[in-house]
Amino acid sequence: MTQKFKDYKTNEESFKWLKEARDQKWAEIKSSAKWVDFIMSKKFDRRFYGIYLLETYHYVKENPRHQAIISLRDTDAPINYLKFCYEHAEEETGHEMMAHHDLESLGLNSDDIDITMPLASTEILIAYLYRISQYGNPLRRLGYSFWAEDSYQYIQDLLGAISENLSLDKKNMTFLVSHSTIDEKHSKEIEEMIIRFCKGPDDFESILEIMNVTLTLQSNMIDEVVVEYQKLVENKSTKYGFLNKLTE
Amino acid sequence: MTQKFKDYKTNEESFKWLKEARDQKWAEIKSSAKWVDFIMSKKFDRRFYGIYLLETYHYVKENPRHQAIISLRDTDAPINYLKFCYEHAEEETGHEMMAHHDLESLGLNSDDIDITMPLASTEILIAYLYRISQYGNPLRRLGYSFWAEDSYQYIQDLLGAISENLSLDKKNMTFLVSHSTIDEKHSKEIEEMIIRFCKGPDDFESILEIMNVTLTLQSNMIDEVVVEYQKLVENKSTKYGFLNKLTE
Amino acid sequence: MTQKFKDYKTNEESFKWLKEARDQKWAEIKSSAKWVDFIMSKKFDRRFYGIYLLETYHYVKENPRHQAIISLRDTDAPINYLKFCYEHAEEETGHEMMAHHDLESLGLNSDDIDITMPLASTEILIAYLYRISQYGNPLRRLGYSFWAEDSYQYIQDLLGAISENLSLDKKNMTFLVSHSTIDEKHSKEIEEMIIRFCKGPDDFESILEIMNVTLTLQSNMIDEVVVEYQKLVENKSTKYGFLNKLTE
Amino acid sequence: MTQKFKDYKTNEESFKWLKEARDQKWAEIKSSAKWVDFIMSKKFDRRFYGIYLLETYHYVKENPRHQAIISLRDTDAPINYLKFCYEHAEEETGHEMMAHHDLESLGLNSDDIDITMPLASTEILIAYLYRISQYGNPLRRLGYSFWAEDSYQYIQDLLGAISENLSLDKKNMTFLVSHSTIDEKHSKEIEEMIIRFCKGPDDFESILEIMNVTLTLQSNMIDEVVVEYQKLVENKSTKYGFLNKLTE
């Protein structure tokens, strides 16, 4: 167990540590992930953003499903947590359509967009989120929501680099902007859930693990988006060939 | 296909026919089901009500789960219907605790109440609701909500007979009263969903079938409650022995 | 609990009682089910057999799936029982094609056969078999196999009446003959499983309940086949209209 | 798509390419994975092997389940492939007990062994295997079996290093030896399935992807075992503290 959580005193204090751990994890990613450097270098065209939006479409579509699945299990989770899971699932439903809309806004027809299978790293992210929602501590998925609902503060510079480099405006970035904006409501809600339902250091440790692992898996996904983009540039990819239209 | 739906013109008209079919199905049950006569005869003690509450606890606990499961499937159901399913699941969560509360209000301690396995007919009802939520027309489960959310008009006399015969007051009947009261909001919502999302006679036919079948299965469940009660009276049942405390 | 099982001494003796209970349940069905009289009256044409084969196709297709599902659960069932479930699933796979073959053997092309949705009573049977395989005592599904693998002795007269009335020969009845023939191997295997893995009267009681309930549900299914056949005769059914070809 | 599969001519030839791709992937892992160097350095005690066995226990327990799950889906996979999945599930059932046995053989009592939760990388491997069994091309899981059933040729030197360094004999390595031995039967069977059921380059491409990804995920798992071992050496881990008994 992480040293901090071993010294557990209150949920409020542990939540503060969780926030510090999130800062630290993002700092790690920002300083070492290949995709971060790639974006800051500004040497890419709209096809990179297109692949990113496609993979986002895939994993976001599953978010409400593994959120709701927690309440389908036989656990001793409190009724208000079960209600939260359904409510949150409802709110997340259809958000993949924002990524789809952004793709169309770049000049693709709906028929152009080939939504076949996600990349392997996207499937890994989806798979892991299903698994942790179906097994183990029912609270642990909060570790995913904890960063996913509150990322703007960490990626503001990256969004700026993308938007500037590709000359995008707001209507091309509805998913990223709406999802990275500090969503006061959701972010507050996740905080409340964590403080209300955690019963000690084990719950915090589980949430911390999911936070760290899912941030890594999401980071791996964007790394693979870069790899696929480079294949496209080198005319090696057939799967994303339809995105070449974005550079015409 | 039912003659009426063959002559399909509009959703509004078909909804009217659906309502008539519900009146007709309830009329059938009221005139022929054994449990209806049994209740109206007023020859039973609180143990009958106790068994009913236990079985209700079991099937009601599953309601939000098979409601939500519809949105976990890969169907072409519209996003607003998926959102409705999660929202409705959220609202139904924990309602089994009303049945539990009513049991306790009769004088049982929480520890007395043996929540083991439901009766076979209760398992059949639960099983069927899961199946129809997981397979076939994703709209068809609305046929269950259509009667379950709006039954007071049909069972008012039965509730009266139970309450009078057992000298129950409101605090002993939170589940039945809250669930059979014409819930304007829910009942209106189900109507809206049906009229908004049905695309023709096939959808109405599917909803009609689920309405009829689940009403029959619920009726069968109460018939089995009567059978179990009679075993208890004849000292044949061990499973519900703990309910004998209700007659002391 | 059934009196006999209360007096539980050994698995061997309890198994004998289980067999007696099966004889008794079949005797009840033979003496009271509408479909039994219907068949013995010999007043039906091949469309009745056609509807029966279609419904059989539907429920038989699911048999291996709910058989295997037991081993996917986290239970404390012994490894050899888990292995039995997979092995039995393997053996049952594709048996629905026998029913399909029999339909074709009557003169239908594969394209004629409309395998859409099963009847409500067939869905109830399927639904219940899934439920009992996913919840409760993992041994209890043996109560279904116990009669399903060894029915010839009970329905020999019925098969005779069908075959005689419709002038069928063996190649039209591959499903019924192969499945009702006393399958020495399977029947012996089920017996072994029951005697090997049951740990006392509760296990036998669970198996007995599933035997009785699934026999009733199967009997209900054939009753509904009769009802559907009568609709077809009265030109009321559109769903099975393609079976009219069998009487040309 | 991989160049080789684009030039697809026959299944036999594509299978040959798949084998070459497996050689290549293993060569990559052998030359670059941290855990390979770690093992060849022979600087570890039996606790490393203990952690490896625990994680192996966790993922191996799930193998038959996600194998069988393929046949529970509604796909157009041929019946003989469905039968293979059940049969293979049956054969894999209980193999986790070999890992458990090996742990006990080192001197742990069954009660000492704390089988709580697997490591994150083990959960990722399990999660991904479930996902690919439940979605996408039903043949693609063969890419996992393709390497998992035939690994001895690749890891013989590593097994030698472990066994020599820890003075293990055969009875301490039942899992590794039985599973890495070239299992003529299984390995032949997987080859047959691939050649029999693949219908063109897309199937081979799917199988190739799963082979590569699952080999990477398994390699990541052993990397995390090394990390956990190092924590144990530095007295930082509490989770695996019970393994310290192995060095007494």
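Worth pointing out:
First chain written, first letter: the chains are A, B, C and D, and each begins at residue 1.
In this section, contacts are C-beta pairs under 8 Å (C-beta built on N, C-alpha and C of every residue); 3 or more make two chains touch, one makes a residue touch a chain.
Worth saying up front: this structure is predicted, and the values here are computed from it rather than measured.
Minimum number of contact steps separating subunit B from subunit D: 2.
Once the centre of each chain is set as its mean CA position, subunit B and subunit C turn out to be 28 Å apart. Look at where the CA atoms of subunit C average out and do the same for subunit D: the two points lie 39 Å apart.
As a whole-number value, the distance joining the C-alpha centres of subunit A and subunit C reads 48 Å.
Along subunit C, no residue makes contact with two or more other chains. The touch graph of the protein chains shown is a ring with every node of degree two. Taken together, the subunit D residues at the contact with subunit A in this complex read 1, 117, 120, 123-124, 126-128, 130-132, 136, 209, 213, 217, 238. By the touch criterion stated above, subunit D contacts subunit C in their complex at residues 64-65, 68-69, 71-72, 79, 82-83, 86-87, 89-90, 93-94, 97.
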